[in-house]
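Each of the next two complexes has chain A plus one other chain: chain B in the first, chain C in the second.
Up next is the complex of A and B:
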């Protein structure tokens, strides 16, 4: 068996209120050092994690959302957002950060990391994973 | 089959630690192997020996320690999550100038890489949390 496994991090909670989102991101960044096939899924309130223009000044806690824009540099380029979760919250792709990665095979062309997928397709994506970590 | 286990909640507020304990026992009884149990988020609170529940209550920390001793389990507490929550071993005590430590028998503190390694090395990684 190949040493490369498909790792998927499923994020279902809002970015603030609990620590899950931030500590999930910490694992995601560590996973990049292991040369695995990593993808991220944001569903339910997890879609709020990627909303742009976050300001936590009033909360008095760290705004970690700028870290997501570094994911491309960590070669994490498959970020799936559940469409139904966006719809239910009145959000569209335009409300989210524009996350990209650079394709070295195409002269470092900048490509979108975020893919909005419907629930049924997301189920197939989750089914295809070797390791699923849910936060 | 070789299992990796992730525990995301502390011993008492949530059921996930007891569920994980029960799962690990059942897996071992059925002849499976437990590659590692990794404690993350508030799950690191399963690793303090200062836990003292009332006598008629289950001592979940002690049960983990006992199970680890019986089956030579690798119980790993995430260092970043542990530092936030005051779970300290001798090494961390010295590094951070603390006046004591509280790590329970059979637990060790290490990095998040141990969780990813558990995912790579195990046939299944089972997450216990909310």
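Up next is the complex of A and C:
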């Protein structure tokens, strides 16, 4: 399949203050239907999207954070978090949801989707993409 | 004249909180809500903005916005008070005016 392109979704906004995060997630799920090589990047306030334990009952709006755990089922298994963005916000990997995918080549072994990467590595990941979509 | 300053933008994304704290007069009250609550989390590089201003200003956060973002109240900078929506209303009534830092 030579027509498979590398699609990357770059997320830089916090989850509820604007609609970017939710819109991004919707487009990501749609893109999964097209059998492309999809990866997600969370940087700046985008890292807040994956913070676990979100509870919007007091706001009366939809808590869409559980949807991220479905990404593995959509074969989206590359989720990159910029380490510098986490550090600046006083967050660690433990503060984020544990997202996984199942490897059919290894008897459906559960593997981590989230990779915390430093800026230099992230720059190379971004550079290697065919299509970059920003939210 | 008492003044309630309200900030709804992340201090990691915009300079709204920074400008608010630079221009808010001593004795004022500051309420952080929506993405503004991120500025109230201890351990982040922007926490110092509030920590340095606490001797001059009283800080509040809107609890439901903290909860929505998965941030436990135990992560708030010590001394920040948590209010609910009716507490927000009380603050607006108690002060002579409201300054919004969009």
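Simple rule for what comes next: the second predicted complex is superposed on the first by the 134 of 135 C-alpha atoms of A that agree within 3 Å, B and C clash if a C-alpha of one lies under 4 Å from a C-alpha of the other, contacts with A are read in each partner's own complex, and residues count from 1 in each chain.
Just so we're on the same page, a contact is a pair of C-beta atoms (placed from the backbone, for glycine too) under 8 Å apart; a residue touches a chain by one contact, two chains touch by 3 or more.
All values reported here derive from a predicted model rather than from experimental measurement.
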### Message
Touch test for A:19: chain B only (first), chain C only (second), both, or neither?
### Response
first
### Task
Pick one for A:51: touches chain B only (first), chain C only (second), both, or neither.
second
### Query
Who does A:30 touch here: chain B (first), chain C (second), both, or neither?
first
### Query
With the two structures laid over each other on chain A, which partner does A:7 touch: chain B (first), chain C (second), both, or neither?
first
### Message
Per the contact definition in the header, classify A:89: touching chain B only (first), chain C only (second), both, or neither.
### Response
second
### Task
Would you mind checking which one, chain B or chain C, touches more residues on chain A?
C
### Task
Using the superposition on chain A described above, determine whether A:131 touches chain B (first), chain C (second), both, or neither.
first
#### Entry: Contacts on chain A seen with chain B and repeated with chain C across the two complexes
none
### Query
If you look only at chain A, which of its residues touch chain C in the complex?
13-17, 44-45, 48, 51-59, 61, 63, 65, 88-91, 95
### Summary
chain C contacts chain A in the complex at 8-10, 12-13, 34-35, 38, 41-47, 63-65, 67-72, 75, 84
### Query
So in the complex, which bits of chain B are touching chain A?
6, 8, 40-41, 80-81, 111-113, 115-117, 119-120, 125, 127, 129
### Task
Under the touch definition given earlier, write down the residues of chain A that touch chain B in their complex.
3, 5, 7, 19-20, 23, 26-27, 30-31, 33-34, 36, 130-135
